[in-house]
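Two complexes follow with chain A in common, the first pairing it with chain B and the second with chain C.
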Partner chain A sequence: MGDRPGHGSRDEIYYTQIVVITAMIVFATGFLAAARVLVPVAGTAAWISVLIGGAFGLGIAVLAGYLAARFPDHSLVRMAERVFGAPLGKLIGLTFAAYCTVVLGLGSRESVLAMWIAFLQTTPPVLISAVFYVLIIYAAYLGIEAIARVSLIFFSLVVASLLVLTALASPVAVPGRLLPIVGNGLGPVMRAGFLAASYAGESIVVLAFIRHLKDKRGASRAMATGVATGMAIMAVATGFGVMMLGVRGISRVTFPVLETARMVGFGQFLERAEILFLALWFSAALLKLATVFYASITSVADVLGLRDYRPLIIPYALLGAALSLIPKTVLETFDYLNVFVRYSVWYTIALPVVLVLGAVARGLREGGDDIRDRDAG
Partner chain B sequence: MTGMRARTQPSVAPGGLRFGRAVIVLACLFAAASLSGCRDAREIESVGFVLGLGIDETADGRIEVWAQVALPSAKPAEEEKQQSWTARSVGDTVWDAVRQLNDRSTKVLFRAHVRALVFGERFARGGVARALDVLARDGQFRYKSWVFVTSDPVGDVLGVETKQSSSAALSLDDLMRNTARSSTAPRSRFLDLLTSIEQPGDQPLLARVSLVGPTEAGGQAEGEESTAEAGRGQGARGPEGPEGAKGTPDTEPNELRVEGSAALCGDRMVGWLDAEETAMALMVCNKLPAYSFVMPMPGGEGGTIGFDMIRSHADTLFPKGIHTGHAAELVTEVVIRITGTVDIREVLSSEQLMSMQSLDSLQAGISRHLEAGVRRLVDAAQNRLGCDVISIGECVRRRVPAKAWEEDVAPTWHDQFRAITIVPDVRFTVGKRGMTMQSPRPVH
Partner chain C sequence: MSPIMVIVVAVTGLASFTIPHYPTGLAIRLLRFLLLFLSAALGLFGLMAGLMAIALHLGALTSFGIPYLEPLMKPRPSLRDAVWRSAVFTFNKRPEYAEPLDQVRQKKFIRTWAPGVAEMARKESREGGDGGGEDGGEKGSRGR
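Entry: the complex of A and B
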């Protein structure tokens, strides 16, 4: 069974773009509230737990890259179909699409809440969500190549903004608040590391479009670099949050990174500059959500055997927007997020492991197609 | 081939394309009209920019809130117009009072530019947490706003008309930026208050603001008092601050002075620290950017000598260690080792410090002088205030497992703090002595 030619197959993305997309998927929405999830568990060592989670993520990235090298022209659904046959492969594809949909729903809800609570208090969240989804729809319509190109531009700006924020935050930060270095102890730090791994694990979304990478030999390295970059950003954000707000402060606030941004300013002439940072961060979140949305609809299109994913865009966007509105309150949203962070890591580890083990067991050799398929082609 | 089909959408008819474009253009026009914010826009004249907030408690336990609102002039002709307006309301809670202020104001009160938050002493002694919740939830409120406590009527403090600034809140903002040069008051921001009340080992000090008469503010009336104060830090006037516990000036007050601090235990104020004690507390906590003081010339020559402290560093040492697992005897002895450098700014003495021996004697004298100041602070913290305002607990917290701190130590830290033996060990050296080696003197 060879890969069927399909949607956006002419799109090409490059090594750096995969690095950037992976990094954005890892940190763009999670870092808004990751510290609030991790600090109560790990205490002052929450930033270390993020790095431990990053180590888990590197493993996932290496496995994903291995799959990409083994099945260079396959999307995730096609890989699964090839390894386990069509019925089971489609089922795995559906679970992947469901995972992406949950990431999309929770990510968009979290971003919308951050904008709504902190800035657009009189704007109905449905309207903010609608604007988000209109932009996501447009991005998905343009395809992964366009998303990757725009991501490359915005990622540089986001990193620059974070560097500026770090520099401005340094006078306010109290490094001693990171002590004791082991926080609540090794056990809790490892447990928090496992929670943090769920953010790194979101990098498996890249499997949906890794086949567009021009040179598959760099897939593992690109994804691993992206995961490392994303988790490093998250570790810095968490560490500075603790240094500025303390353990109790972090555990109390709604969005630690927003609070951190509120505390800094450019001297006296430009106060309350957090909106400048947030505009960039929400652009990053938007691009992440567009990527996840693209991964969702292309996976569903693969499962349904559609040649083009575009007819699915509008219905799926409506579904995603509806899902994102299920949590009625902030508390409910964070409850869903906590459950997701706690359990999704298992899926993100299991998916590449199962596919790699299946491929090895089936003896599918590197290059993806065996001799019989190639002859048939 | 299929991929090309997917990208180019050849099946779409030209008529459909035109219709699609028309829909997009109409959608953009609709969005521009409805999402641009013009529908419910507020003109700047209708916004009341709150520069200062004051909160106090009435005798019957109700909450008073003052808001000082800027009244910007639209054109130069209106320069003579009142530049700020201070409103007061009373409610059962801070939010209740703020709500009533909003109802009474003809402008929409916008709290993103609050420069100064002034707590009355009665309110601070009752617990400032009653105000923190509403302010921390407020997305508009600035975390970098200065926080003060005053023993004077809050309304009078915010009502002071100064010649240097257009409102009391802006004047306080300027004063706080300038106190960094002398550090007779902590640079207490709302952010610091929020983070420190949650840590029993790192209790907040809030700057004290007082009303003073023009002569006091100008420093003209000190005269003999200044001589009597030789040996004290800048502006020190006794443990209860500039005007004593009541803080009522004799002359009609029309200036603000930021000096000394209010010590909080948790969220409740437990007492005042004078300017010198405040400076010593900041020095022990490594938060003292600058400090100037005058002391008697060591030795028998008489006269005084003035300094600028240009550098100091404090280390908190635990010579007998920290014993986790025995909460009652966690820490028994603490040594606060402070090193630093001072520059000579004024010598009014026949001793001109021209020998190494005299310089050594001076350095020992400075160290003794500052050590005595730290001892007074420690005594005040342990006995008068009963609260760890010198962050010993924070040093302990950093050295013990988080669980041990949270469960065993933090709940009883204030009691333990009072029983600790705290030994200051101060070693200062003299740095620069200025552009002249000796005082210019007439020949007799």
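Entry: the complex of A and C
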């Protein structure tokens, strides 16, 4: 497979690329609607709850990185098989693939809705979804190395766009809307923080391909830096959403960040500048979804014992697209999202904890050569 | 035709002259037609989708085993030859990603005729550096 696209002679991901990919996974789709999910619980302190969620996420990332350092040559499914044996390991692998698939379905639905509401109101959402999935299929076919390289380039553009948005929004933001600092009280803020941790917990997706990292000793640090970066971006987006729209305003809009972008402009020179921002955010969302899709199919391929994941691309893309079409309306999408953030956080904490405990209890370390690398052939 | 259309067409025409490599210009011209169709069908969303597809394709390309986008992947000196173009006399080392046999491309101070440079080279040479080009220069000539 050495001559296939995306499988060049190097077949490795750098530290910075893992940082960027992790950050993208954490914030790329979530930041659009995070305020809408967190503000009803935490009130004006939604941005603090994002930071608390980030702290939870750092713990998850450190555990996941520790796991990667312990099993440097293994994907998550192979790690689970090694720790718990083949049948249970495969079962854990399947739950991981299912988790990734739900992240993919919900993430793509959110992104499609944002595109649809912002500037493609006359285009059927299913067509926007189809364009998304065509690109995701192409990215998955090329492999994680190509996705990682492009992510690094587009990440800087996306961050630059957010900095510009922040600078433009600063004069019209009302800091007083962040008061009271503790919002609805410490309890609700902590509860919202736990919900926000589900965004940070999505970083466990990286475990599917962390074995491509050049130096696994830096895995924990790379993932933690990525989570911190992603959650910092999300906290700023949520904070500015509250400062621009207020708590009541946020409950009335679908995507607070999009509305924030709508409220700012380059004087009367460039109108509807939010479309430019959204065009860049589209690239971030697409790269996140491509990464999650890649993680899903490689995990399923590992479970099925396939040496090449590519035959799974089309059927799995159809499955993801079908899942993304289940919520019929915007409100229904948010209902699903609320349920997802409430329960997925438990899974993202439990998975690395269980694997680390199992590996430590059995004294397992280092992958060994008994499990053949899928891409080596 | 709107005024902005005229501006866009003019800027596009002028921008095409900034591509110094003729075959690359031809490739970009062909890709422009694809982007034109996508933009006509789906607007800015189509344009971004097209650009993403091209970026992903570039991300997977390799040349002699070296990924095409490798110069952009690490903030190392080679970035000066990728994002912006620094002066040629500052390229003292060969790009790391190409894994050259000799890392040194040229000695540190090659413009000894420039005001102050010869003095800097002498000073660094006295301090034990390779500024005078004794070490770097030898390696540089071997490399060439």
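The rule is simple: the second predicted complex is superposed on the first by the 355 of 377 C-alpha atoms of A that agree within 3 Å, B and C clash if a C-alpha of one lies under 4 Å from a C-alpha of the other, contacts with A are read in each partner's own complex, and residues count from 1 in each chain.
Heads up, the rule we're going with is that a residue touches a chain if its C-beta (ideal position, glycine included) is under 8 Å from a C-beta of that chain, and two chains touch if they have at least 3 such contacts.
What you see is a predicted model, and the numbers here were worked out from it, not measured in a lab.
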> Touch check for A:119: first (chain B), second (chain C), both, or neither?
Replying inline: both
- Which of chain B and chain C A:31 touches, first, second, both or neither: neither
Inset, instruction - Identify the partner contact of A:194: answer first if only chain B is touched, second if only chain C is, both if each is, neither if none is. - result: neither
*asked:* Contact-wise, after the overlay, does A:152 reach chain B, chain C, both or neither (first, second, both, neither)?
replied: second
* Asked: With the two structures laid over each other on chain A, which partner does A:245 touch: chain B (first), chain C (second), both, or neither?
  -> first
Q. Looking at the overlay, what does A:183 touch: chain B (first), chain C (second), both, or neither?
A. first
Just chain B (first), just chain C (second), both, or neither: which does A:43 touch? first
### Task
For A:133, select first, second, both or neither according to whether it touches chain B, chain C, the two together, or no partner.
neither
Residues on chain A touched by both chain B and chain C 5-6, 8-10, 119, 131, 143
Per the touch rule, the chain A residues reaching chain C in their complex are 5-6, 8-10, 14, 16-17, 115, 119-120, 123, 128, 131, 135, 138-139, 142-143, 145-150, 152-154, 275, 279, 282-283, 286
So, in the complex, the side of chain A touching chain B is made of residues 5-10, 43-44, 117-119, 121-122, 131, 143, 172, 176, 179-180, 182-185, 244-249, 259, 262-263, 265, 271-272, 307-308, 310
The residues of chain C that touch chain A in their complex are 42-49, 51-53, 55-60, 62, 65-67, 69, 72-74
So, in the complex, the side of chain B touching chain A is made of residues 1-7, 9, 35, 40, 112-113, 139, 142-144, 191, 194-195, 198-199, 394, 397-403
